[in-house]
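Take a look at these structures.
Across the two complexes that follow, chain A remains constant while its partner is chain B and subsequently chain C.
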Partner chain A sequence: MTITPPLMELRNVSRDFLIKAGLFGQKKILRAVRSVSIDIEKGDVLALVGESGCGKTTLARMLMNVLEPTSGDILYQGKPNKDRSAADRSRKLQAVFQDPYSSLNPRKTIGSIVSLPLWIHGDLASAAIRSETLKIMDKVGLPARVYDNYPNQLSGGQRQRVAIARALILKPEIIICDEPTSALDVSVQSQILNLLIDMKHEFNLTYVLISHNLGVVEHLANKVAVMYLGRIVEMAACEELFSSPRHPYTKALLASIMAPDPDLDIPDVDLGVAFPNAMNPPVGCAFHPRCNQKMPICTIEQPSKVLQQERTLECHLFGNGR
Partner chain B sequence: MANSPSAYVVVQNLRIDIHTSSGLLHAVSNVSFQLTAGEVLCIVGESGSGKSMTALGLMGLLPAAASRSAELLSVDGRDLLTMSPEEKSDFLGNRMAMIFQEPMTSLNPCFTIGTQMEETIRRHRNVSARDAKLHAASWLEKVGIPSSAGRLEQYPHQLSGGLRQRVMIAMMLMCEPKLLIADEPTTALDVTVQAQILQLLSALQKELGLTMIFITHDLGVVSRIADRVAVMYAGEFVEYGTTRQVLKNPQHPYTQGLLKCLPVPGRTRRGAHLGTIPGSGPSLIGNLSGCCFANRCEYAAPVCLEGKLPLFVREDEHGVRCRFRPEELAPLQTVDAVPQ
Partner chain C sequence: MTDQAAGSASIASWRIFIARSKVMRHYGVLSGGLMVAIVLAVALLAPVLAPHDPYQQALLNRLKPPFWMTGGSWSFPLGTDHMGRDYLSRLMYGAQISILIGVSTALISGALGTSLGLAAGYFGGRVDAIIMFIVTVKLSIPTILVALAVVQLVGGSLQIVILVLGLLLWHQFAVVARSVTMQIRDMDYITSARMAGCSSLRILMTEILPNVLNQIIVVLTLTMASAIVIEASLSFLGVGVQPPLPSWGIMIAEGKEHIFFRPWLVMIPGFALLFLVLAINLLGDGLRDITSPQGRG
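After this line comes the complex of A and B, so read on.
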């Protein structure tokens, strides 16, 4: 029996940025992502959650090969991602971004935006491209009459459908959805979420979902990685994580979900107000200044990664067989 | 609606029109409500529903192209419609204050937060510079910012988003206003910080007996802090009542639809289709006849397109701008599930 490698594999991936501090200041290192290891299997919906500035988007950009990791490897079906040609990569991996107002070129028609990947990859004649484009537009619920319209003639929800159609047209394996609904109203958000669910089944897709809306994450994901200051502090199957969070930060995140229920009070997340500076991260566990279960060791030593029943954790509370 | 003498805020038929190049846009129409002192009203709606315009209209801070009219607009027994600019500049900040969504744009980046806080207090109170500084420091402690003395010397960019919003709250409450209008104060913040800021606001509201008008698009937030809820759509209140009435027993198809759209951990089935509200809101330019939600309503009947709808008052002042009672609406469509 041969073991098939995961669709995508991250091995100790880190990414640093050099930030200039002032005109004559020394350059400082910002460690945006620090030794992240994830396996993405075919059909997964992997959600990356965490606060702004925790490195979710940097990680996604490395998956898209827009950024190179400073260290570590990203493998696609067992082969290093950087050894594959750009055309090959973009055939397999596409992205949908947060703001459908800035991710679509305002001077191109919807038809040309959606069909551009086909022209670039050049496998089809122009008549076939048009029919293929109309087919995918129909799949995502865009009427054929918007083919010659411009993005400013569409609503936010329709624009996000255009972005999804463009991502789908090459029939990729993986779609990276970076906050796909956070710029949209609630009633439109649910339409786009339904569409993402339908497209996943129809095209057998794998999603990497970045979202700060934990309701959306719980609804779509089957695997969740919680990030804090560049590290994955807890990663587990979605049900597991939501039913029994272990890391104090995960607990606080889940506690802050507010379901529309007037019987409940404002949640008490029990966190400090000190927000960490990524340029100058705290010594030891990066979360300790806000943690409500801080121990002396947390201020000294970075917790190592432990594996507990399919769940990875980086926290001293769970180290060394505790 | 009879004016009860205990009402602290009375708004009657507030109307805000905006002059645009394509005609008069009715941003807010026929908004009426009253609040007794110490109540929290949440105005909830989607973008473009007129909720921020309502807040700006109350504060009298509308853009130049907008015009406001109302039968009555009073806070603390004072008529806001006839107030002179001098009276208004004294009243705002002192009696009523407003917090905006993005604290970075409401704080001046060129001055330390200490300078900005001291300016606020000295504008309204006759105190020495030293006392102003002490007052500012004590308010920073009050909003949960420790080591205040050093913080006063910091510039807004040196603070995180959550701390900036705390500074804004301190700055707005320093002069002890009685009415606080908060326009999406937690939308730009991370979820854990949002919960902390809401807790702070709610604690201060109770401690100071503040009347609060809280504007948000998040029904989860509404459910936790509001006494009363107004659901706004296309510039009108389509449903108004206590939090329990509106969220537990929604009567308007729009409110019902919004609640079905939300994925709620532990309640909605994972991976199943969520409810949707098809279509988009009506254009607010020109006169709209009939129910503003009729073009998206799954229960709409021909009669819905006729005439202007009042807010029908049901049991216990639960107001709904819909001709039909929920039991008269066709049975709700069941949400079909997709296998995982």
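After this line comes the complex of A and C, so read on.
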């Protein structure tokens, strides 16, 4: 173990939402993220996977500093986020969003969208800002002539390149990619993924990748965290996780990848059909209503975190020295 | 990417062409804009166009009929009022007052209402509740009564009327700005601006306001029309612009004594009012059609 703290560290981060149903409705608590702990080392590509509503996006928004955790700490190089200035936070961490149609202001030109962070942070003169902006646009493969264009004049792939250029212009350490390709045409997806890989090498970046496209995850990530109902149920190195999944949910998730063969049916993942409800999570292990290896203890007790050879698991199958 | 090769200059001119062809195909905007332009030209050129001084009284020439009636003459094309002042000249100078009231009231209430609406929509929660409460209170205040009270207290003048109307007609701006802001607030580009380190004020001014302005321009025209009508009503009641200024409302009020025998004294300023308000409403409705994505045209 080295003494230097990880680049980013989440310690028991939780986030609740208060939901009020109607005027006289009772207030309910939605536990979107529940005591998540992750270390992100420099150069990592950490993938967060899981089905819709499992808390990936809430977790990402906490990493982006647009949502405060209800409890727990997010540390950057050992320093808690709340002790850091807003300027420092935005210099070190930027994001690329899912939908390049809602992530670019339709009333601003590409040049002003990409250069906005420089205007806020840098003390550069406007000529320097312009040349810096054109430089970064060139890096992500945008021609200089779109500088004065508006987003609606660009294609989806070009728009996502604009979003990437904006994220890169402050030379951040970490970029949060929230489903960076799922809104794009299949033909463009791989271009954007390759661009992300190139930029990672060029700028020595660390990515947090949120995706439910497991193919993308396998291609990019070196570390995968599987989320279910706000918890990380399994986290391991990418090859490890894909070659030998342990948690029943991870197994089902990997089995659900469809092979590109029209003769094969939709894969049978052998899961129960209980709909995961974050307002009223099941007692014990949150996954037990759907689990195909359910044991009596699963309906009573929340499994604790187990560390097995660089892999964390939350499942009674692997607890207590099994 | 190569089919984007058309330079940005030609794309810009293409956008202007689209906008222009939309205007040209929309008869409401076309006719409304033309009518507004006519009134605007008359108001601005009143000192040149008006045949007489609108304030000059000539008791010998009082209550002359317009030129098309027996006893009318071309020296007073629309006749004279009960003080012998030229009616056409007063009508032209009256257009100045109506337009001045309409534009400045709309600008004051627009600035006020839009900022309140932006704040309510963006911050939500308690700020929203307070601002919407103020809007509700505002809606329950009768405009005419407030104007009456203010004029009793400080005396009527053009500036007072503009100020009172400006402070009373902002609610539409607030409601529209609020609802549009609430739609935009959760867009990813707002999150991105916040991550870039923008202050709330900067986000409101540079990211949200330009997207709200479309709808605000429409409200601006409609508020202008209602400000002009309310000013005429106030002046008719004697609590608006004070004589001898040639407001259309005052002209109607002064003509009402003669309504049975000389109805044109009421009809001529009434028609002018109708013409201007209709023009502005046509323009405003048309602008809404053109700027809304699913609009006609």
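Remarks
FYI, the second predicted complex is superposed on the first by the 315 of 322 C-alpha atoms of A that agree within 3 Å, B and C clash if a C-alpha of one lies under 4 Å from a C-alpha of the other, contacts with A are read in each partner's own complex, and residues count from 1 in each chain.
Following the convention adopted for this analysis, a residue touches a chain if its C-beta (ideal position, glycine included) is under 8 Å from a C-beta of that chain, and two chains touch if they have at least 3 such contacts.
Predicted, not measured: the structure shown is a model, and the values here were computed from it.
With chain A as the common reference for superposition, the partners chain B and chain C occupy compatible, non-clashing space. With chain A as the common frame, chain A serves as the apex of an angle whose CA-centre rays point to chain B and chain C; its value is 80 degrees, to a multiple of 10.
Once the two complexes are overlaid on the shared chain, A:D198 sits against chain B while remaining clear of chain C. Of the two partner chains, chain B is the only one touched by A:E218; chain C is not. Touch criterion not met for A:D83: it reaches neither chain B nor chain C. Within the superposed three-chain model, A:C238 lies in touch with chain B and out of touch with chain C [touch as defined at top].
In the superposition on chain A, A:A95 makes contact with chain C only, while chain B stays out of contact range.
Measuring only between alpha carbons, the smallest separation of chain B from chain C in this overlay is 6 Å. For the contact definition in use here, the residues of chain A common to its chain B contact set and its chain C contact set are 155. Chain A contributes residues 61, 64-66, 86-87, 90, 93-95, 97-99, 102-108, 113, 116-117, 120-121, 143, 145-149, 153-155, 158, 163, 166, 170 to its touches with chain C in the complex. Only residues 46-47, 144-146, 160-163, 166, 190-196, 198-199, 202, 217-225, 243-244, 247-248, 257-268, 270-271, 273-278, 280, 338 of chain B touch chain A when the two sit together in their complex.
Listing the residues of chain A that touch chain B in their complex gives 51-52, 155, 157, 185-187, 189-191, 193-194, 197-198, 201, 212, 214-216, 218-220, 238-239, 242, 252-262, 264-269, 271, 273, 275. Residues 1, 4, 7-8, 11, 187-189, 191-198, 202, 206-207, 210-211 of chain C are the ones that touch chain A when the two sit in their complex.
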